[in-house]
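Structures for review follow.
Two complexes, one shared chain (chain A), two partners (chain B, chain C).
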Partner chain A sequence: MHLVIQALILGSLTGGVYALMASGQTLIFGIMKVINLAQGAFVIVASYLTFSLFQMTGLDPFLLIVITTPIMFILGVATQWFLLKPLRPDDAAELSLLVTFAVALGLEGALSLFYKTTLRSIMPGYENHSWTVWGYQVNEVRFYAFLLSIAMLGILYLLLQKTKFGRSVRATVQNPMSAQLLGVNSKAVSAFGFGLGVSTTAAAGAVFGLITPFNPGSHYDLISRLLTIVVLGGMGAIGGSVIAALMMGVGAALVSALASPIWSDFTFFIVLLLVLLIRPRGLFGAKVRGAL
Partner chain B sequence: MELRTSKLSKRRGIVATVVAATLVSTSLVASLGTSAQAAAKPLTIGISLSLTGDFADSGTAAQKGYLLWQSDVNKKGGILGRKVAIKIVNDASSPDQVVTNYTNLITQSKVDIVMGPFSSLLTIPASRVAKRYGYSFIEPAGGGPKVFLEKNPNLFFVQPAATTKGGDVFADYILSLPAASRPKTAAYVKLDDPFAAPLADNIKARFEAAGIKTVYDQTYPSETADMTPVISGVAAAKPDVMVGGTQTADAFAMTKAMIQLKFNPKWLFLSNGASSPLEFPKAIGLKNTEGVFTSSDWYPKSTAPGTAAFIKSYISMYGGTAELIDSTSAEAYSAGTLLELVAKKTGKIDNKTIIKTLHTGSWPTLEGNLSWNAYGEPQGAYLLTQWIGGSLKTVFPAKIAQHAPVAPKPAWVG
Partner chain C sequence: MSKAGIIRAVTFFGILALLPLGVKPQWVINLLIFTLMYSTLASSWNLIGGYAGYPSLGHAAFFGFGAYFIGIIFESSIGNGYNPFLILPLVGLCAGLISIPIGFIAMKTRKDVFAIVTITLLFMVQTLAYNLRAVTGGAQGKGVAVPPFDPANFGRPFYYVMLILLLVAMSISFYFRRSKIGLSLAAVRADEDKAHGVGIQVTAVKLIAFALSVGIASMVGGVWGYYEGFIYPQFAVDPLITIGMVLMTFLGGRATLWGPVLGAFILVPAQQYFAYEFGATQFYLLAYAAIFLIIMLVLPRGILPTLTDRIRIKAKIAVEANK
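And now, the complex of A and B:
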């Protein structure tokens, strides 16, 4: 029983971290119908950015998110503006896969040149610290990450539901043509939306660098996980991706601790397959365009 | 007419003179050239290395080792009076490119000798090319079991033992303890990898034969980013000794998970990752390294002869500190040392002599005294090293130990 509860704790905390990364991914899909294969690479860029800034300034990695978020936002807007916007609308969905994959490879190459392939960790001194609660270990960083993830998702929700920008985004998602007719600048919305999706990687990157040693190649494992979370949750459904991330975290932890680590990821894929067979749009995917 | 004839004959005469002069001068130059070349014809060595791609870091480390040896041996006047000229080509970590590279080095560049690339993955196809052309194949970085299954008599792996036997020295140490103070239970946590898992399995076979009970034995896939659930399973089994069949990233993640879950077995052995003098403390924090066992072939505090000179020479060529030297550089350097030793012993340096000579006797290098079976598998053992006082120290075998083994393992600092 102890093992089960410990696995539940570990899984939920890890799920929270992945939820943070996947929310941006699903937002980008929801707004632009772009499957962003570079999201994992953006997370790693953010990890390195936090790593370098931490080394230079000694400021707490969680505090540095305030600096890295705008940087990642700009990087996202630039990627959309210069690389995705010029694509012909007819082929955009297919070509954007190739373009974002190229961006991922480009970022990986650039990071390898600059940082080499040595594994790095962000070490502010408390990165491995755990609280012992009734005999269970609760890792401090993952707990903060979990809270941060909830906070970030809350901010995203408010932004989308309560602001003018959010309304333009939702309008663009539901019907881009009508939105344009009503005066929404859908090009700007797309760029901003992409930037927003990428900016969530700033927090995710900081957390990822704290809990796991990383190198430029780490994005491959990340992106495969993020895509499965997004598909399971329903493409474009932010709430769905959170639930899916938690399912993945808890499922993997339980199987890993109770059965065998070799089956942990595989189990998740079986669940994914079953869900897609019964409910092809994912757990919370909308039947029609436009549910965010 | 007459005029024309004389003009023609004049012209012919000039042409003939020019041709003759050219012939004479070329033959003169050629003969001069041959004699001059014979005196100082360099010994050309062809090597393919992964300077880009997955193995770029290690490939570059091997390159540093080879080039350092080239510089050192040439300072001493080369091999048998011939300067050493190493030609390195990049294989971009591709097993296909490595075949092309070695074929070109042998048939086009016509190098005298070839030496090995980085990793077993590339060594296997490369060694086949060397064998086909009758070249010896001294290789510093291909020690996986499949390398020796090739049954290539031209191959010599320049490390103390096959990679999967890297943990045997830990089993030797544990089984050397009096029965009462030996661990009673053991856990084996293995990466699904052709090097890491068999290494832990070899230790397990030895432990089980000696009556140490297995309480946990699981393999994890290489994409396991989060090791905490795995370690929570190990911790629940409460083993006295934990053996991690690890590579680099997973070793770091595993150690972090152990710290986070406050799981501290009395003995902890990690096959790889923990053996990196620079990266391991960077990844988990220097204070947390205390008491972790690993095994090494070469490391900066190694007592193997020539280590001090190697380090000095390395730092003067590349800068940095001893701790920054990758063991792959020492392995590549040792591959070169073997050529020197063969030449010194036999007075000859050609592929047949190298193959025949290395199959007998034992050869002192930075990697210790090396000797091989018929197919190039080294017959020595790794050194058991442990993190003590912030650095790796040899703790077993006792006769070359720099420090007594520290057990039980001190608690994690956090």
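And now, the complex of A and C:
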């Protein structure tokens, strides 16, 4: 029982971090109907950015998010503007997925030229601290990361619900054509939306670098987990992806505690297949065909 | 089959069949084996990714499956060296059978979901290859027994088997273009709902295309594993192999007979040349990604379709001018 509760704590804390990455992924899918296979690679880019900035400045990795978020945002906007927007409309659906895959490989290649393939970790000195609460270990970094994820998700929610930009985004998600007819500049919304989705990786990357050693190839570990979360939550449903991330975080932690860490990744694949078999639109996905 | 088509095919395969008799240097044969390997892989990917328009990102999983299949059976003894080649149809059959339930689930909804499931499959198979140490040897790799082939012509048997596999893949590809199944796939690619509406057995044709496609990929993997002699998870189940097939098919032209082969004949020698000149493997990834992005932005339909269109337009202009 002790083991199970410990796994539950660890899993929900990790799940919070995945929620942040996955909400960006879901936002991108919702606006552009593009599955961003490069989301994991962007997370790793952000991890390296934080790693380098931390080495240069010595500032706390959590503070550096203020610097890395705009950088990741610009990277996202640039990717959309230069690589996805120019695709011809008749092949866009088929090609955009492959473009993001190529972006992921390109980022991996660039990072491995620059940083080589040695595993790195961001070590501010408190990364292994933990509190003991009623006999359970609560890792300090994971706890802060969890709080940060909730804060970022809150900001994202406010941005989408309370601002004019958020309204245009939501309109585009619901019906791109009518949104355009009502005066929404869909090109700008797509570019900013993609940038916003990618900017969530700044915080996620910093946290990922704190809790796991990473190298340029690590985005492969992330991408299948993220995709499973997005499918489970229902593609295009941000709230769904948060809940799915928590569920998967707990599920994977339970499997790794009760069986072996080796099989925790397998949980994701099995869940993915089961969701597609039983409820293809995910937990909170819309019924319309366009949203799966 | 048109007369020009027969001549093209006979010349192509005739030259390739005679080539090893005249060309002796090991490195040339090695390069040719890899070119044939990728031609076959790209042609097989084209069956599902090109004709049906379902972009699979997980073919490397089946490639690795084939490599380990041969590696595990022929770990210690190999006889006269030809047995692994005789087992290949069984490898392909097993891969095809495995692909059916996976394909059934993955192709139920949308094309991008298919890509998600296949790319996830790739990483799951890689995880399996690392973790099932008792069977695969894990990160230490799995050795295959060395065949008693004549060292001077060591690559020759592998070369001919790859050539036969290419012939198989291209024959299926050719058959797909004209037959009912090929037309059904083209309809699926254009508009799956309408295709379903006019009574095409969409699920069946997609599953057949997927099973044939990964069956061939797994056989190629088997030959590769045997030829390499040592199978490591990171090379046998490598996203780069998947991206290689996709890239070559896109470069030459999707849903064409010769496009994937043309793509492979351009890219594999180029890749080997760059590896020789610059060495760094990390450079590969960057170059692959850059070429891929350029093709998709500048030449999204690939070389062959673009060229045939140009020629057609020119011919049309000439006809108009003669009137």
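Keep this in mind: the second predicted complex is superposed on the first by the 280 of 292 C-alpha atoms of A that agree within 3 Å, B and C clash if a C-alpha of one lies under 4 Å from a C-alpha of the other, contacts with A are read in each partner's own complex, and residues count from 1 in each chain.
Here is the rule we go by: contacts are C-beta pairs under 8 Å (C-beta built on N, C-alpha and C of every residue); 3 or more make two chains touch, one makes a residue touch a chain.
Just so it is clear, the model here is predicted, and its values are computed rather than measured.
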item	value
Contacts of A:258 with chain B and chain C, given as first, second, both or neither	first
Chain B versus chain C as contact partner of A:35, first or second or both or neither	second
Partner chain(s) touched by A:112 [first = chain B, second = chain C, both, neither]	both
First (chain B), second (chain C), both or neither touched by A:123	first
Contacts of A:139 with chain B and chain C, given as first, second, both or neither	first
Partner chain in contact with A:212 - chain B first, chain C second, else both or neither	first
Contacts of A:280 with chain B and chain C, given as first, second, both or neither	second
Chain B versus chain C as contact partner of A:70, first or second or both or neither	neither
Footprint overlap on chain A, comparing chain B with chain C	112, 117, 221, 224, 262, 265
Touch list for chain B against partner chain A, complex	54, 56-57, 192, 218-221, 223-226, 228-230, 232-233, 236, 248-249, 252-253, 256, 259-262, 279, 282-285, 288, 412, 414
Residues of chain A defined as touching chain B within the complex	2-3, 6-7, 10-11, 14, 112, 116-121, 123, 127-130, 132, 137, 139, 211-213, 215, 217-218, 221-222, 224-225, 252-254, 256-258, 260-262, 264-265
Touching residues (chain side chain A, partner chain C) in the complex	35, 37, 83, 86-88, 91, 93-95, 97-99, 101-103, 105-106, 108-110, 112-113, 117, 220-221, 223-224, 227-228, 231, 262-263, 265-266, 268-269, 272-273, 276-277, 280, 292
Touching residues (chain side chain C, partner chain A) in the complex	53, 55, 57, 102, 105-106, 108-113, 115-117, 119-121, 123-124, 127, 131, 239, 243, 246, 250, 280, 282-290, 292-293, 296-297, 300-301
